[in-house]
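Presented sequentially are two complexes of subunit A, the first with subunit B as partner and the second with subunit C.
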Partner chain A sequence: MKMPLIYLVLTTGLFLSIFPYLWMVLSSFKVSGEIFTRFWPSKLTLSNYAFILQGGTGQERNFVGSIVNSLIITIIPTISVVFFGMLTAYALRRLKVRGYRYFENIIIYQMLFPGVLFLIPLFLMMRDWGMINNYSGMILRYLIDPWAIFIYIQFFKTIPESLLEAARIDGASEIKIITRIMLPLSKTTTAIVILFTFMARWGEFLWPLIVNKNYDKMPLSVLLALFTKGEYKTYPGVQMAGATLLTLPIVVLFLVFRRYFEEGISFTGLKG
Partner chain B sequence: MKKSQIGFLFILPWVIGFIIFTVFPIIAALYIAMTDWSIIGQASFIGFQNFRAIFADPTFYKALLVTGRYAILAIPLTIITALLVALGVNNDYKGIGIFRTIFYMPSIVSGVAVAIVFKWILDPTYGVLNSLLRLFGLTGPDWLYDPAWVLPSYLIMAIWGASGGLYIYLAALRDIPRELYEGATIDGAGWLQKIRYITLPMLTPILFYNLVMGIISAFRKFTDAYILGGAGEEGVFYMVYLYQQAFSFYKMGYATALAWILFVIILGLTLVVNYTKKYWVYAERK
Partner chain C sequence: MRNNLVGRKRATQKNLVGYLFCSPFIFFTLVMWIYPFLWGIIISFKKWNLISPRQTWVWFNNYLGVLKDPLLWLMVRNSIYFMVVFITLTTITSLGLALLIKQIPKKYAGFYITGFLLSYVSSGVAYSMVFNLLFAGDGLVNNFLKTVGLKVDWFINPRIAMASIALIVCWKFTGYYGLFFLAGLNNINPTLYEAAVIDGANAWQRFIKITVPLLNATFVMIIVFATITSFNLFTEPYMITNGGPMNATRTMMLEIYHRVFALLQAGYGSALAVVSAIITFAFVWGFRKLIERDDLYDA
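== the complex of A and B ==
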């Protein structure tokens, strides 16, 4: 194929692809009269952001707080998923716990099992444990992720046993081997696990919607969605400001760690 | 401590988590589906009554129709779009990395943000899409506000997001041995023939994988459908219906029975697709 033609086609596709983001970001800085009348704003305003962050409808909905909530229910599972992912994978693959092959199969089934079925039993469980309307209800079920264990198993397979034996002869404990040898060696894998877990938890919608009705504990995704359906229904500029805030951290992460995203997907194909 | 004991200690958290968050809920779901459990009050065992009620409920069939119709159209459309995008950027042209990055972005951005943006792009009066159509002298439809145009609205969003599947295809394209193309060139094959006889057959394992994933995600569609809805009942996808039953009407038993039906549908379709595998998916001879 000739190059200019393919560039033309790709550029058209690129424009279609990027247009919604562009429109979202531009609209979030527009005065309300210009959102639907101009593509490029004649002047920039921060009023939409001020409105959303100060809870301008007098509803006192705390969007700043919701960003903090999002970070809490994102960062805690992310750290925990990495920790337990390594710990479990190390025990199965390197310490070869009795029946490890059997356990590894269970992990794959657990990973592929559609979570739809768990939704209501888990909700009722959280309710009985008094975990409705607080962080633990939103976090607890996400502390260990079979996908992360699976990825670490794949990587730990490739590390030569002689390296671990040498450390053991020097008197290193198994925990020390994990933190001093396995962790530094699996930087790329860990980056992939962190990125995809962060993304999944930050964008999470259905579970926190169900398990938390308390406005002060809501993550940004849920608060914004409820507002779009409710009080802010007729405020496109404010909605775009919220959507931009929701999108921004992920796009920044993506641009900074693009290499890992590409690797992560060709590595497993199981997420994203 | 012996190595094996330490090992068992290390996997213990996962074992406990697995029992509490996977095994137990599945067993509980079996029981809950057979009760009239609502959020308050006593639950009593009612056997298969929930299932009987579901199969007599026209809303159930409507939700199934909305979801199934969407799946049948959206899955091939997204697979073809992603494949075309991947073929387009599978080269070393200058600046191709930027194209790849932007085409991939829909798959990382939160579904909530995407839904909110499309809500306004598809707005009948003010929306960008209809403004654009007006430039060409056309009157755009009411999209999500017109029952007949709800499905096309969701398909537009699906196609827009499809390029996010890009990297899986790129990885698969990279794995196709170069000699195959070189041999074909010597035999005088054109690029269309190469795609037909080399690229597509070699991509069938990835197409298969995306087909299975497409079925699962189409039937689990929730976030944008919940936020955007749609005129009439056209926006009530299966998961939205399930959510309403469970958390608007507090019919936990009924909704769990719905979850089982969804599970069986997804499992059944996956098995059917898996059965057809041997007829069209390329398998490397070991």
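== the complex of A and C ==
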């Protein structure tokens, strides 16, 4: 194919790919009359954001609080997934505990297992443990992710044992080896784990919808969804302001980490 | 002798530390995987409203109920419809994207990849809201189509509602799957193409005889991902159509959610979850049997 044609097709595709974002952001600054009738707004307004951040007229729903909730149920699992991912992968792949191959097989089964089977019993467990309507119910099941262990294992395979032996001869403890040697070496892997885990937890919908009915604890995704289907049905501008707030953090994170994303995809590849 | 002893002591110590490091994972697996998995199976054989202490064993009655419900087959049909449209569309768009990006200089490729990946990072709730408005009856897309005398009831017409959802999910995944195809393309040895050119193969022949077979692993992976996505569809239909119009976008996930958390039928919902998992597995297995090749062109 001719080069100019390739660029034309790619740029058209890129435009289609970005267009919904563009329209979303523009609409969030439009007055409601212009959302369906004009592409470029004739004047910009912040009223949609004001409306949503002040909790709507008379709704008293705390969207600022929901952003904080989203951050809580995103950041805690992200840190925990990285920590336990490294710890477990190190024990299996570098210390090679007895039976490590069985453990690795279990991890692969866990990754491929259909999540739908766990939904109901996990909900019942959270309920019986009194974790409904609070953060722990939304967080607990995501503290360890077999996928993260798997990709740390893939990476740890590539580190030469002589490096670790040298550290051990110098008297370094295993924990020290993890924090001083493995952590700095696995920057790309860690960036991928952070990015995917953050994305998955920030955008999570079904699970927090089920285990939390308390408006004050709701993450942004759930609160926004319920309001879009309910009171905000006829407020497209407010909806788009909310969607922008929901999209922005992951887009920023992605742009910061995009280098690692492309690097890592070739060897980590397993995330549906 | 002495060395041997020291070695064994080291090994024991390593094992001890290793198990200590593994113990959170082992505990987590027992509590968050094995226990709920078994419990979920047990509930599927019971009749229980989630609240009352009375849980009656009904054995296979829930499963019979699930299999006899005409809605199940409608939901399976919906998911297959979605799957066919989604897999066809995304394979074309993402493979096309990868083939095009492969042709351009590396310094520009990064820019395009980043741009196409932006749609992948969007969260289900957010992009469902955006497309719901864009594809509305008087929305921007229809306003645009009106200029050529067309109007499409994207999410309202029961015959195309599921295809519309497949279209927006395709929007999300094109860049991401494209990246996998690109990685696959980069793994193909360029000398194969050079040899084919010498043998007089044209571009289409090279694509069919070299590119497609050697991308087999990527195809398998993407089709498996897409199949799982098809049967697990929840957020998009929940946000946009609520399973309507006339159940045309009802999925098993929506029905499980509805049965368990609205109608409090824990047993029935669990049985449906098991059936849905088995159907997903069957499709994944079938697709792999159909397309996975181990030793094509041992090169």
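General observations
Operating definition for what follows: the second predicted complex is superposed on the first by the 271 of 272 C-alpha atoms of A that agree within 3 Å, B and C clash if a C-alpha of one lies under 4 Å from a C-alpha of the other, contacts with A are read in each partner's own complex, and residues count from 1 in each chain.
Keep in mind that, in the parts below, a contact is a pair of C-beta atoms (placed from the backbone, for glycine too) under 8 Å apart; a residue touches a chain by one contact, two chains touch by 3 or more.
Remember, predicted model here, so these are calculated numbers, not experimental data.
Superposition of the two structures on subunit A shows subunit C clashing with subunit B.
When the shared chain is aligned, no partner comes close enough to touch A:Gly33: not subunit B, not subunit C. Contacts of A:Gly230 after superposition on the shared chain: neither subunit B nor subunit C is touched. Contacts of A:Gly130 after superposition: neither subunit B nor subunit C is touched.
Looking at the shared chain after the overlay, A:Gly13 reaches both subunit B and subunit C. Once the two complexes are laid over each other on the shared chain, residue contacts for A:Val116 go to subunit B and to subunit C alike.
In the superposition on chain A, subunit A positions 1, 3, 6-7, 9-10, 13-14, 16-18, 20-21, 23-24, 27, 35-36, 84, 87-88, 90-92, 95-98, 103, 106, 110, 113-114, 116-125, 141, 143-144, 149, 174, 199, 202-203, 205-206, 210, 221, 224-225, 228-229, 236, 239-240, 242-243, 246-247, 250-251, 254-255, 258, 261-262, 265-266, 269, 272 are in contact with subunit B in one complex as well as with subunit C in the other.
Across the complex, subunit A meets subunit B through its residues 1, 3, 6-7, 9-10, 13-14, 16-21, 23-24, 27, 35-36, 84, 87-88, 90-92, 95-98, 103, 106-107, 110, 113-114, 116-125, 141, 143-144, 146, 149, 174, 199, 202-203, 205-206, 210, 221, 224-225, 228-229, 236, 239-240, 242-244, 246-247, 250-251, 254-255, 258, 261-262, 265-266, 269, 272. Subunit C contributes residues 14-15, 17-22, 24-25, 28-29, 32-33, 35-37, 39-40, 43, 50, 93, 97, 100-101, 103-104, 110, 112-119, 121-127, 129-131, 133-134, 136, 138-140, 143, 171, 174-175, 179-180, 183, 186, 221, 225, 228-229, 232, 234-235, 238-239, 242, 252-253, 256-257, 260-261, 266, 269-270, 273-274, 276-277, 280-281 to its touches with subunit A in the complex.
On the side of subunit B, the complex with subunit A involves touching residues 3-4, 6-11, 13-14, 17-18, 21-22, 24-26, 28-29, 32, 37, 85, 88-89, 91, 93, 99, 101-121, 126-128, 131, 160, 163-164, 167-168, 170-171, 174, 191, 206, 209, 216, 220, 222-223, 226-227, 239, 242-243, 246-247, 252, 255-256, 259-260, 262-263, 266. Interface residues of subunit A facing subunit C in the complex, by the touch rule stated above, are 1, 3, 6-7, 9-10, 13-14, 16-18, 20-21, 23-24, 27, 35-37, 39, 84, 87-88, 90-92, 95-98, 100, 103, 106, 110, 113-125, 140-141, 143-144, 149, 174, 199, 202-203, 205-206, 210, 221-222, 224-225, 228-229, 236, 239-240, 242-243, 246-247, 250-251, 253-255, 258, 261-262, 265-266, 269, 272.
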